[in-house]
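In order of appearance the chains are A, B, C, D, E and F, and numbering begins at 1 in each one.
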Amino acid sequence: MEPVTILLAEDEGLLLTEFEQALTDAGFGVVAVTSGIKAIKHLNAAEPCMHGVVTDIRFREPPDGWDVARVAREIDPETAVVYISGDSAPDWASKGVPNSIMLEKPFAMAQLVTAISQLLNDRSPPS
Amino acid sequence: MEPVTILLAEDEGLLLTEFEQALTDAGFGVVAVTSGIKAIKHLNAAEPCMHGVVTDIRFREPPDGWDVARVAREIDPETAVVYISGDSAPDWASKGVPNSIMLEKPFAMAQLVTAISQLLNDRSPPS
Amino acid sequence: MEPVTILLAEDEGLLLTEFEQALTDAGFGVVAVTSGIKAIKHLNAAEPCMHGVVTDIRFREPPDGWDVARVAREIDPETAVVYISGDSAPDWASKGVPNSIMLEKPFAMAQLVTAISQLLNDRSPPS
Amino acid sequence: MEPVTILLAEDEGLLLTEFEQALTDAGFGVVAVTSGIKAIKHLNAAEPCMHGVVTDIRFREPPDGWDVARVAREIDPETAVVYISGDSAPDWASKGVPNSIMLEKPFAMAQLVTAISQLLNDRSPPS
Amino acid sequence: MEPVTILLAEDEGLLLTEFEQALTDAGFGVVAVTSGIKAIKHLNAAEPCMHGVVTDIRFREPPDGWDVARVAREIDPETAVVYISGDSAPDWASKGVPNSIMLEKPFAMAQLVTAISQLLNDRSPPS
Amino acid sequence: MEPVTILLAEDEGLLLTEFEQALTDAGFGVVAVTSGIKAIKHLNAAEPCMHGVVTDIRFREPPDGWDVARVAREIDPETAVVYISGDSAPDWASKGVPNSIMLEKPFAMAQLVTAISQLLNDRSPPS
């Protein structure tokens, strides 16, 4: 099988590496970027579109992770979305997209893998 | 018991009346408004804050229903949100808030009452 | 709004009347039939297709309710399905369709209305 | 069909009447009692056992509503349980039983009916 | 502890090996077969019965994966069922069993492990 | 990131080691104890409080695992709770806490990791 591709956007290098490793070990193909701008550029260029997005909320400059997820869902309403944040979790109720998961730091790598897997598994088959 | 109060925003008069009647019969207190502007004005003024919001998406002028829900959730992250729409349902995946329900027209009044009841019942008790 | 239409198949006259009344009071449009044959005939002829199916399992002759639900889902994979049964509930795990609800007799009319409403509300918006 | 029977335990007379009316209108058979002692007496005597329990938390004397629910589940692990409370909701996480719903006052009658219906509908069919 | 046993039916050798490895690494005992016939033979002979089934839909000859799952559920209504398919996913709504998961290719191995784990964890304890 | 910490209480040494290894490999920090007494001592002393509890039901002396979970939820109502048991599973419906998972032996290590991850991911973000 070709890989299921996840776009991973995180601007802290150590975390980016740790998350990428966990997702790769779990069998996902990962496109790792370090800003919201690059994330949106990749989403717009990806062919076929990404199956899921794992995104930090705050980057050094806009767009933020809330924007990244909205763009991903405009391109494909079925995209699995996992937000990662240390202090933006309370905004999830007003700024998040439906059927997404907010992982607050700290979390274990198994939580990240379970979150994205569960969201992908819950997508309704095409009709 | 004092009533549970729902803000209902719908600009078509006949529908507004039908929805208000259904919610009132179900035991809810209803504040009915006919535009997004009035909805947001009420949300900001309500004391205590509204328990839920039932909102159409498109009004004659901005803000739209997506904005209404975001404001409601900024004020109270636990607000129950039900969107009503004829043709904006596909945007729910990118513009809706988490743990909300999109009711596409047509729907039966029981679906509206069940939707808002279920969302209110699912809110986690305060800790 | 035009009504949301539910196909109701039940061969006991008293129950058929009671269920039809409960669904109508809840705001649904109901097409009531007394056999699996008539149910499938209606499903094939309905234009637009039915939004939901409430079906007894056993009729005096085949097809049974399991067949009715399968045909409904072949026509529209999003159809809400509620099975009603006195003694066929254990077969639900092997003969039912996914995302359906089995109501075992006895049940209250509110359970029927909640079941069909919840299934309709959970259908993912079109993308 | 014979009725689905719900045990309702609430010591404020006006609320007891209001809840009993809502459940009866929804098609349930209701056994209404005004204390935890009477609730447990009824649970132990009921033949066949009650399908669901709607109970206040605090009564004038012990046992409390947490006890009532535990006894109901010891008799029938599938019993639907809805707790009603003004100020005991925070204890639900440590004192409630699994797969139960806590309704905090105030709530609309539709929330009570939806809660008990949803719990009854979610019970797995017997195997 | 003795292992939890999963029946895995897949007729492409490379995929069979990959799935078997992923499930074994996750701690499951796996019985791997290459056809629907062999799958059903194993289900009928297994003592005690299999805890879960992971099955491809199409095999070189009947029975297909829909049949395999139905037989598994007739033997044990609590069996966890995961379907795997490239192009049969749209039929899940009419041919699948309730409380099952359809994994469409491509998927990551973590999705397979999460799917079967989640289904096993959701089974209600015996009463 | 600092680790997410799970309290693991199990009195059989081989199982304790196996569970600890699985949770550690999944990225969790684990505090392993061999009795209910020690578990409750750790819960009361932990600063900050434990994110989750994985507990056997029966220990050589009281308190049992039901008590451990109740204490954990009194300290933090959001604590993720997974019970492990060979023969106490039927009591979960009356003695368990809400939003907990009962894992009956035998189970695969992936089920344990998925259970605790899913419960942690489902906790509502703070508001």
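General observations
Keep this in mind: contacts are C-beta pairs under 8 Å (C-beta built on N, C-alpha and C of every residue); 3 or more make two chains touch, one makes a residue touch a chain.
Chain-to-protein mapping (UniProt): A, B, C, D, E, F = Transcriptional regulator.
None of these values were measured; they are calculated from a predicted model.
Under the contact definition, chain B (Transcriptional regulator) and chain F (Transcriptional regulator) share the contacting chains A, D. The chain with its Cα centroid farthest from the Cα centroid of chain D (Transcriptional regulator) is A. In terms of the distance between Cα centroids, chain F (Transcriptional regulator) is separated most widely from C. Residue numbering shows that chain A (Transcriptional regulator) and chain E (Transcriptional regulator) use the same positions for less than half of their mutual interface. With centres defined as mean CA coordinates, chain F (Transcriptional regulator) is found 29 Å away from chain D (Transcriptional regulator). Chain F (Transcriptional regulator) has its Cα centroid 42 Å from the Cα centroid of chain C (Transcriptional regulator). Among all residues of chain F (Transcriptional regulator), those that touch two or more other chains are 77-78, 90, 92-93, 113-114, 118, 125, 127.
Residues of chain E (Transcriptional regulator) touching chain C (Transcriptional regulator) in their complex: 69-71, 73-74, 77-78, 90, 92-100. Listed in rising order, the residues of chain E (Transcriptional regulator) touching chain A (Transcriptional regulator) in the complex are 15, 22, 89-90, 92-93, 101-111, 113-115, 118. Chain D (Transcriptional regulator) contributes residues 1-4, 26-28, 113-114, 116-118, 120-121, 125-127 to its touches with chain C (Transcriptional regulator) in the complex.
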